[in-house]
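Each of the next two complexes has chain A plus one other chain: chain B in the first, chain C in the second.
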Partner chain A sequence: MLKILKVMAASLTLGLLSALSAHAAVSCGDNSGKPATGEPIIIGAITGKTGPDDFSNSTKSALAYFNCLNANGGIKGRPVKYLVEDDQWNPETAAQLAAKLVNDQKAVLMVGNSSYVECGANAEFYKKAGIEVIAGVGVPRECFFAQNYAPTNAGPRVSMLGAMGYALDKLNAKSVACIGPNIPNVGTWSCDGVVSLAKEKGFKAETILMDPGSADATSIILKAAASKPDVIVLGMSKGVAVPLLTAAEEQGLNQTITFLSAASAYDLSVPATIGPAWDGKFFVNMEFNDLQATTPDNQNWLAVMDKYGQKSDPRDTFAQAGYLAARIAEKALMTLDPKNITRETVSAAVRQVKGFQSDIFCAPWYFGDGQPRHNANSSTRMAVSEGGKWKVVSDCAPSPDPELKDVRAFEATMK
Partner chain B sequence: MNLLPFLISGLGIGAVYALSGVGLVILYRSTGVLNFAFGAIGALGAHVAWQLQQWQQPLAVAILAAVAVATAVSFLYGRVFAPLLSHRDTVVQAVGTVAPALFLIAVMGVIWGELPRRLQLPTDQMFLTLFGVRLTATRLIALALAILMVVAITLLLNRTRLGLDMRALANDRDLSAILGVRIRYTETAAWVITGVFAGLAGLLLADLVRLQGTFLTFLVIPAIAAAILGQLRSLTVTAIAGISVGVVEAALTPIDWVSSYRAAAPFVIALAAVMILGAMSITTLRDR
Partner chain C sequence: MNAEAVPMTQPQHSMSDTIRRPTVAFPLLLIVLTMAIFSVAVAFLSNAFWLSACTSAVALSLSVTGLAVLYGQLGLVSLCQFALVGVGGWVALRIGHAYHPPFELSMLAGGVVAALVGLVFGIPALRLRGLYLALVTLMLAGTFQTIISAWGFPDGGPGFLGRADGAGRAMLARPSMATGATAYFLYVCAMATLGFVVMQWHKLAKPGRAWALIRKGETVAVASGVNVLTYKAWAFALSGFFAGIAGALLAGNVGQLDGRAFSAFESLNLFALTIVGGSYNWFGALIAGLLLRAVPALLTDLGIDGYVTIGIFGVALFHALATAPTGIAGQISALIARVGRLFSGREAA
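So, the complex of A and B:
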């Protein structure tokens, strides 16, 4: 009887604790609850809001965090003034907006940028202007091969190879077909990674590039299945991945081939959309922790969104990226004398960031001082579609992308 | 690589292009309007069907509602807005239909968003295997429907009073009015018929391709290509052209050097057709 009571008491306490953690107090700044009133620190961001897709969830989330920071002491009394601009998926607009933020508004740092076109358009400009970018989500190759641009996400290629690594290690795949979009520096870049890993490890790989605007998914799937691969990896956005999976199911391929995807198909709505035929058959890579993870920092992100964001702001991976970028910026700025916050001092502080801990990342994030390129987020998790939800099935594993050699070498010197 | 599987896979979508193309031609012949909103109207219907499925309504209700909504929207535009432009150039009338298309894209965006959805029909699970490809019952229905509608519309045009009026309008609008053809009535009937086509095509495309407002709206383009191949006049040629466009697009998949450009196939085909027809000066576009 006593034992039962003890167990009940224990479970009650646990229940209470988890209930408390679900409504955990928001943590940001110095947690003093005193609004910052000093001279604002100008931080800029460029995002692709209007256009083929809305990438602004990253900056919305970063804004929520900065609001929280400003309400809690700011950067040693100075609030952050966060200026977000929409590049409309137009490289020319992106360049004009960067000049406006950096030259006219005198931004000292860029935080949470997430744009399909901005990296190619602005990487050189940022380097010349001596401003650093702690980006949210980078997609094309240029975002990961620039001196002043460090995204918090892993990128489509690292993510796709994370999925490939899982297929090799856990699903014993011996052959693969890679389906990517025919967009330069995105689709080819990702699938080339799979091919070069195939050469290194000696498995069979085939690349199929498709026009994301094509209506005919069945033919693409038939072409991919023609070589009878063990697995098919997708590098498409969720809007294209879902029709591809539907076409594969129509052909009965979900019973013979395992499908995997880069993080671009990781959205909470996907498992329910594709339905029960894919339970245990469709794996997806995750650049960040599970969106609903009950770990402290992930819960803090959700709490910040609830208290300082808009109700309509999506709680997705882009938002996680923006939150992390804002927190990293906070960490760098806090090392400075509030009276001496200039672009030079901020850039120097950002370059020194290392060992940034968050349970949303797999490994501590660092900027990589002096490195010609940045890809600190290169360890990822996997989840599988099951019962209309994603079920996390793997611990963090380093992506086996052969192109990460320089990054791995730099990481070895940090230890 | 064996082409046969791809030919089979192109049949389904080709059939819907054919259906859409015929829907466009019947409207153009009676009213002189090339309806760019055709895809958007169909997409709206498909979204309504999806919503009803989410609300656990029977399939028949969902399908009927989709066609009813598409028809109603088409009727509304045809009755209220299209007559305001009826004395303008063909180009002005065609561009006018871009307005409802954009409006509907916005409405669908606000209500359902751009997240990918899946509209499923029970016929997706039934199939026969041909050359190693599963041809689902949905695709067979699309093919049958395309043929059935061509036959039905041909009969309508040749055997009924409404059909006679439509043909008269197509020939000479002013003369028909003098002869006592009820222009408003006939044109509205054409808008209703094209609305039914849009509803059916939208449902099928949402199932075969994807349920996404903007995407489905722009699938009107291959249908326009088919209609142009039929010189906006011949229902049979339009239907055959629609199926061909779908099959050609699919058959280009295994040919690596064109594979990633195959989405351009409908435009290239239509462009070539316009040039060839123009050069042979047998085009009858001007007097519809």
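So, the complex of A and C:
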């Protein structure tokens, strides 16, 4: 009964919010329009900006939200000072920067981190320093297996298995070939998930690992197609996935095999790039809501980006992740007495976060107090390439990753 | 006094200057003294960020000192030094996680294996020089890049590769006497000082003279009774050994290493900065180490894009090649020599 009331109250507030946002357009902080002038609260972030890929969209978006927050009363009058550092995809640099932010700058919290190397390099350090991380985008396994590190995204494995679950339930797949990068704790981790699900559910699975830097797309695709799978799931970034799809089309494989991908290939430009030959043939998993969704919080994100971000800041899923991380941080900080904001009080407040609602998430986000690892975002949607656009084809569904058993068990205790 | 020590480190002089052979002890003592002042100054002045950056810098300067012997003493261009750092780091992590010995043992194991691999990498050098040797060693660095990006570094898991598949990655424990950041920095400085001293001794003593002869021409060296094979191989092994130690020290700094940081480009960078730092003076290695880690750290601290460093290094290399082949260290030692002559009065004329 109480639960029903809660849901009703939540939907009522959401409805009210959306009604408000029609007028105010942007919602953050106390929406007072008064700039915060108190003593700044130091929040840090480490992101991989320069290197093989630019991962900094998450922190750009978080910065936009904090700017918005600071312009609207801040945390009960205290503005957030958001310090973002570039680890250059180098774990050594990542460790140096963590020391700088945590020990030298005395950050009380880390928000929006998104880096390939940072989780592994710094997880232990964060634990020792007693600082919590509400990360934006976590990619390697380490980001989801650390005590003080909770990403807002689902991660490549959960996302890939989300796609796999869709293939099993909706496409009636009986056999699969998984193509992942040969990067330890990323590609192997994801494809191992497909294999262990295959063991559990009794379908045929094969793994092909490739070097994303130097690979012949055609030979990889032919190797994957050799076992005549019903579906092929990709765990590659869009820069590698698109050439693979092109090679598959050249071989006519799009006619016989359905291709699916983890969220790493979810980018608005992909459907138009791969062309009409893939209409209804290429499915992608989404860690967050549709980028163009007209739901209130997604619209608020876009409005915040327009008003407080740079024009050049990308509006992609990484940016959604950073926005959510910043909002969760705001929620945690708002529970505190502004005179008593220290690393200890902030960490305690962050650990208590649960039931964080946003229509960008599939399910309410929680930190998971006392849990040795965090993967709150584990329900995902699917979209299909159609007419040069992504068309969302499924509702939120929990990822069937067998490795999520501990997470599911914890979630059951929260209810 | 300084003026006396400096010309000895330059190979041109060490050839002609055989009449008045100065003592070996003084230049070695000078290294210890300089390093002591440097390390204490850094330990007192820097915050956590700079301490971490300087620890990496000093660790890497050990690998530079190996490269400087190959290039400065023998004139050989080896472009796989950073790969050897990776080999040393890999072995140190593997041994450290498997048997949990004292840090020194893991480090020594890393050094020894890297020395052996360096020896193997050096085999082409017995026949090749110049561009061909550079190409072959660069390809070796590329091979290492491919292997390490697939294998990754051990982080406490089972099996040969030692990858942890269960809980979070394990960290390599630092030496028990130096677990804190400052203590570990001083530890790394002590190791580097030891390395510099060993290398400087080599340059001043018999191996240095043999290397100088080999550099003049192998026929000359053979005619003078130098065992070319042994001394060349020794140089490669020594260079690999110090690269391996550097790798282990780097691993100890963060507690782990990452395959992505060991691309072939890093080896190129290391070589370029060895030239910029100066490969004829012992402190050139320290300068190169600081250039490698402290300059990017400075730019990061100032919020400047990480790509800028590559451009700066390129300009610095061009400058070094065009105007100062002895590198920054050579220029500094020339300056010291000039000041020394000024003070000693008429000798300047």
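To be clear about the criterion, the second predicted complex is superposed on the first by the 390 of 415 C-alpha atoms of A that agree within 3 Å, B and C clash if a C-alpha of one lies under 4 Å from a C-alpha of the other, contacts with A are read in each partner's own complex, and residues count from 1 in each chain.
Criterion: a contact is a pair of C-beta atoms (placed from the backbone, for glycine too) under 8 Å apart; a residue touches a chain by one contact, two chains touch by 3 or more.
Treat the numbers as computed from the prediction; the structure is a model and nothing was measured.
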> Regarding the shared-chain residue A:A146, is it in contact with chain B (first), chain C (second), both, or neither?
Replying inline: second
>> Between chain B and chain C, whom does A:S269 touch in the aligned arrangement: first, second, both, or neither?
In response: first
> Does chain B (first) or chain C (second) touch A:K238, or do both, or does neither?
Replying inline: first
>> Per the contact definition in the header, classify A:N182: touching chain B only (first), chain C only (second), both, or neither.
In response: both
>> Looking at A:D211 after the superposition, I want to know if it touches chain B, chain C, both of them or none. Which is it: first, second, both, neither?
In response: both
>> Under the stated touch criterion, which partner chain does A:A95 make contact with: chain B (first), chain C (second), both, or neither?
In response: second
>> Going by the contact rule set out at the top, does A:A123 touch chain B (first), chain C (second), both, or neither?
In response: second
>> Just to be sure I follow: which residues of chain A are touched by chain B in one complex and then by chain C in the other one?
In response: 182, 211, 213-214
> Hey, which residues of chain B end up touching chain A in the complex?
Replying inline: 1, 5-6, 9-10, 12-13, 114-118, 120, 124, 127, 133-134, 136, 205, 209-210, 212, 215, 218-219, 222, 246, 249-250, 253-254, 259-263
> Touching chain C in the complex: which residues of chain A?
Replying inline: 49-52, 85-86, 88-93, 95-97, 99-100, 102-104, 116-117, 120-121, 123-124, 142, 145-147, 182-185, 211, 213-214, 372-373
>> Per the contact definition, I'd like the list of chain A residues that touch chain B in the complex.
In response: 53, 182, 208-211, 213-220, 222-223, 226, 238-243, 246, 250-252, 267, 269, 273-275
> Any idea which chain C residues touch chain A in the complex?
Replying inline: 47-49, 51-53, 56, 146, 149-152, 155, 163, 167-169, 171, 181, 250, 253-261, 293, 296-297, 300-301, 305-307
